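What follows is a single structure, and I will ask about it in a moment.
Chain nomenclature is as follows: A, B, C, D, E and F, assigned in order of appearance, with residue numbering initiated at 1 for each chain independently.
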Amino acid sequence: MKIRVIVPVITKEFEAEALREYSAPARPDTEISVVSIDRGPASIESSYDEALAVPDVVAKIVQAEKDGVSAVIVDCMADPGVEAAREVVSIPVVGPAEVSYHVAAMLGHKFSVITILDTLAPVIDHNVAKAGLTARLASIRAVNIPVLKLDDRKALLNALVEQSVKAVREDGAHVIMFGCTGMVGLSQAVEHRMRREGISGVPVIDPPVLAVKIAEALAEVGLTHSKRTYPAPPAKEIVGY
Amino acid sequence: MKIRVIVPVITKEFEAEALREYSAPARPDTEISVVSIDRGPASIESSYDEALAVPDVVAKIVQAEKDGVSAVIVDCMADPGVEAAREVVSIPVVGPAEVSYHVAAMLGHKFSVITILDTLAPVIDHNVAKAGLTARLASIRAVNIPVLKLDDRKALLNALVEQSVKAVREDGAHVIMFGCTGMVGLSQAVEHRMRREGISGVPVIDPPVLAVKIAEALAEVGLTHSKRTYPAPPAKEIVGY
Amino acid sequence: MKIRVIVPVITKEFEAEALREYSAPARPDTEISVVSIDRGPASIESSYDEALAVPDVVAKIVQAEKDGVSAVIVDCMADPGVEAAREVVSIPVVGPAEVSYHVAAMLGHKFSVITILDTLAPVIDHNVAKAGLTARLASIRAVNIPVLKLDDRKALLNALVEQSVKAVREDGAHVIMFGCTGMVGLSQAVEHRMRREGISGVPVIDPPVLAVKIAEALAEVGLTHSKRTYPAPPAKEIVGY
Amino acid sequence: MKIRVIVPVITKEFEAEALREYSAPARPDTEISVVSIDRGPASIESSYDEALAVPDVVAKIVQAEKDGVSAVIVDCMADPGVEAAREVVSIPVVGPAEVSYHVAAMLGHKFSVITILDTLAPVIDHNVAKAGLTARLASIRAVNIPVLKLDDRKALLNALVEQSVKAVREDGAHVIMFGCTGMVGLSQAVEHRMRREGISGVPVIDPPVLAVKIAEALAEVGLTHSKRTYPAPPAKEIVGY
Amino acid sequence: MKIRVIVPVITKEFEAEALREYSAPARPDTEISVVSIDRGPASIESSYDEALAVPDVVAKIVQAEKDGVSAVIVDCMADPGVEAAREVVSIPVVGPAEVSYHVAAMLGHKFSVITILDTLAPVIDHNVAKAGLTARLASIRAVNIPVLKLDDRKALLNALVEQSVKAVREDGAHVIMFGCTGMVGLSQAVEHRMRREGISGVPVIDPPVLAVKIAEALAEVGLTHSKRTYPAPPAKEIVGY
Amino acid sequence: MKIRVIVPVITKEFEAEALREYSAPARPDTEISVVSIDRGPASIESSYDEALAVPDVVAKIVQAEKDGVSAVIVDCMADPGVEAAREVVSIPVVGPAEVSYHVAAMLGHKFSVITILDTLAPVIDHNVAKAGLTARLASIRAVNIPVLKLDDRKALLNALVEQSVKAVREDGAHVIMFGCTGMVGLSQAVEHRMRREGISGVPVIDPPVLAVKIAEALAEVGLTHSKRTYPAPPAKEIVGY
């Protein structure tokens, strides 16, 4: 099975890391390919950034379907462009955030999302509500490290552990979920460090990992998004794209 | 006071009509100006269309603020780009749908939205939920006439009356709200025709009209959108816009 | 346009201040008149007070319609009598609380209400729920100063700033809304003082100001409350009123 | 135990019937007394009627407490004045509607309310929401017979059976609840008639009956309404009452 | 009237205490009998414990109906087996938790549940949601004393008072409700101690007491659970029970 | 990977079919094993049936963990025993209903559940609410064929198609989900037949199929249910199990 990961920013250097991180949880017979966009912002930290990324994200997803992949994943927790893309392709378009909210709800009573910046809380709050899971959300917390500085993995891990412990102790979280795909690969380290602080049995969800597994599952059983929800747009003149 | 209306499609011919329709409810000392976008689709009937319209809608709103207008209205019930734009300007950015949902809720117990196509129901349902008003929504009905054929005003009026009457009689609507800005100007005719069918006292909301009044009101009292909800995006490299 | 403000207490001295405060945000061509009630309590701080005020509030609203005004505002955040009055008149009857909850929801993700007494929190909580906006309410806070002592404006301002800052910092409020019409006129001062404490971009809503603008807007475009929600009461014998 | 029933209308002839109907379900050692109000409307069919009834309802409840009764019931499904009265007395003030909504929710998955007029649906909808039980409400149906014509018991019974059967068959009701205290005494006849139409095992709630039992229960175990929710109003000047 | 209390654990010693505690609030003409189960756990502190208790709880309720009792109460706040039992008997099967959630909602704006162990919070949260009353729940707090050590009444009382005071002061509770039937008999002591700490007018609900009163009330007026919600199971082979 | 399917009824003949149906969607390297229970009912069509099945379901899941399987699936849409079992094992315990509700919500705006009997609607309604997805549920429909007669596959298919078409046309369903594991294997036939009736692009979810994929996914990435939500029960005396 072939799965295409769309990195919805213009920073080409992220591709190699995305390929490595998304390939890790994939099955041996799943082939991951990665493309980033050519037009848009260097990172997504606002609705404005998202708006500028979406047109090329959708174009890259259309191309992915033409390339014969079985499913697409958009490598960003804002799930930019996934709804628009579902209207113009027939393969599953998986948003790591959407699938992780639902799996978090399967695994325990309440979950907390640990995101990068406090300013992203309204968007997450809104997306959890859209998924129908507001009653299952314990809290949204932030490490307050900008996306483009997430490469200091030690500082990031420390901040993730600190906020995860607070989410469990102060907010009643039963499940932890990372709120940025740039945190990928740290879930086991956070679980380990939480145990050292006396908190065990709390699953830590790494959304890109789940996105791969759900994409594989949907493609394998032949399920895709409803065309009643995402009907093909009527044909019309379009300028500039 | 100057208010700028953004027509979020590339069809320049809509500008004259928009100028006329948005000027009608404006106060004498309010000056309406209209611009359409240069890049994007010919009409907005899907999330895909919306995605392609948004970047230039935001650009046009940024320009509007530079031009010294007091408020901006985006002439589309999908409120495309209003959230992204609020992050990059300081003037009120008014979406006709959002303000109309809230005013409908002020005027009566439950409201119905009469939109153009059944396929738009999920988006409206979602936006009403986002506004927090799901419990106040009686129904979503459609005249099932595409946007680009809304110029047959007689057929449109008949269809609006038929669906409005059904919304009141079958769905328990107490307030009717148009679901497309292309229906502008027909609210009084629909109220009149409903009275002839024995239904009186049901307000009919024409969203562009309310958008003008709310834009005037916010600008006049100096209220604008919260920068906590819509913080300015961090500076970063952007390609293609 | 003529707008009548009903002061729902027997304290005639409030009329002059109400006239001044409600005239300030009105347009030049809007004429505000004020009447207080003849039967009822000296202030409204409980459901009991409200119950005793309502019959004469409604009578005064009926008189206002006979006097030819275009809209009525009830000068109290409990919106006493607005629903009963909507059944017996045809002009818009505006409650400052109801319109402010909806406008607060338009301006940002979550809002906090700063009211006078902690004991009023259940009523506000209930009215926000009635408006459908519970998910948008960050918190209800109180300055804990009784209505009849609100004339110490300096103490009131200090308390409003203290609670507003806490609402933003501790409760995640993105918009602040005053919870008593007796706080009218202080929104800009609170915004200014919050900026000095490092909190900018948080709109502060002064409900009487919005009530005037919404009353003007509704009257101007010919919208009023639904007679399906507020049908005229069947004729019957009434004693004592 | 003494329980006082307040008939919130000026129609003295209702007192004898209320005494009979409220005494029927009472225990032998419970003494029911009935008073109607002196100021107010002849029936309650609107918020306006309710507003005019409330001041004297509250006065009659204050008097009831002075007379040494253990609990008070207000004989109307709008529960007029119960909240205001709870602020000024310490005995339980029972609203037949509120207790019946909760007991209906205890007895089955979804309940329907059969009221007198379609125009009352918004108020019932709102009160069910206030009780927190919207998700448990199957439907609101009306016999469409005005209060003052409810004395044609045969027509009323037929209409109640017709609507109850429809509520079960078309709306999925598992429990039926009368929506007007003037329907008192007909629950067993409706259950009997529904069985003849093939619908058995559906409880039919007669709110005055439950109001008596809950009033007895609360008084017996010494529970009354929270003074945190219903604090005593601050002392102040009151004119006209 | 005869009421049977089912103690859903194998610990026979609890029967005498249950008989005493459930008889106290019963009317003179109500005869309480108590049986514990023969198969199952020694206490119920988890879903696992509950699962093992339910089959014999249901069997004991079937026997109770054969014995001619008018209603059954299951002496546990998890309401184990009440739904299954309602399918196979026709008498009311009362769960102390379910009735107490509803009565708490009748008595005040928000209630807190004080349970035994923090680990029970998800179950309570879920059951309150099932009752429809999430919006009325202020908090769930725990004394953190295991069921089988609840016989140190002094320590239990102290812990209940401490948590009740915090629920009122920190969580905004207006009504307190015990979360374990093993706390029965302490409501007046908690009210008394809270008053000494300056908190008066907050009702404290002892669920077994309310269960008796609601069971008496339902049986007396002939109401029982809906057979639409709890239909009799189709006949089939069953092994091992 | 080894996955154990628990058939929660005593009917051994179901095992072979379950093995076949659960093996079909499994990956080549997944080994499915099936056990049915020794004590309990012949089918699950009520809460009573479920109550009698649960103790042995849990015992079989404990044994499965001892046998070294990586995950367990309970072959019933009531998800009987999954919560109790999660407390006593550490491997994922997957309920086909729970995972299907969440995946249905991922795939489209609203989903309908087609179950076997109308009497099961309250349980499904409750479980969807527990998952947090009430707002996403279009309708619950039934083929009204008892579990033990589901072996007439042609009649079952016809009934499934009829109800699915109605769910889409009348209830606004965008996704269809089977409500009984006994319907397994018919999703593609239903999709095919719906297309012949003019309804394409509506995903049809076969819960056992998804249960296998989610069980595989969770086991593969090392996620299991939270021990905060499902803590191990305190040790205690247990009789009869």
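By our rule, contacts are C-beta pairs under 8 Å (C-beta built on N, C-alpha and C of every residue); 3 or more make two chains touch, one makes a residue touch a chain.
The model shown is predicted, which means the values in this text are computed figures rather than measured ones.
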item: Intersection of the contact lists for subunit C and subunit F; value: A, B, D, E
item: Counterpart interface for A-F, drawn from C-E, A-E or B-C and sharing over half of its contact pairs; value: B-C
item: Gap in Å, rounded to a whole number, between the CA centres of subunit D and subunit C; value: 31
item: Chain centre separation in whole Å, for subunit D relative to subunit A (CA means); value: 52
item: Computed distance of Cα centres, subunit F from subunit D, in Å; value: 43
item: Set of subunit F residues in contact with two or more other chains; value: 109, 122, 126, 129, 134-135, 174, 229-231
item: Pairwise touch network: line, ring, star, complete, or other; value: other
item: Chain-to-chain touches, reported pairwise for every pair that qualifies; value: A-B, A-C, A-E, A-F, B-C, B-D, B-F, C-D, C-E, D-E, D-F, E-F
item: Footprint of subunit D on subunit C - complex, ascending; value: 10, 38-43, 45-52, 54-56, 58, 81, 83-85, 87-88, 119, 122, 126, 129-130, 146, 148, 229-234, 236-241
item: Residue numbers on subunit F that touch subunit D, as the complex places them; value: 121-122, 125-126, 129, 134
item: Subunit A partner contacts - residues on subunit F that touch it in the complex; value: 25, 27, 98-99, 102-103, 105-109, 131-136, 168, 173-175, 188, 200-203, 205, 209-210, 213-214, 216-217, 220-231
item: Of subunit E, residues touching subunit C in the complex; value: 109-110, 135, 172, 174
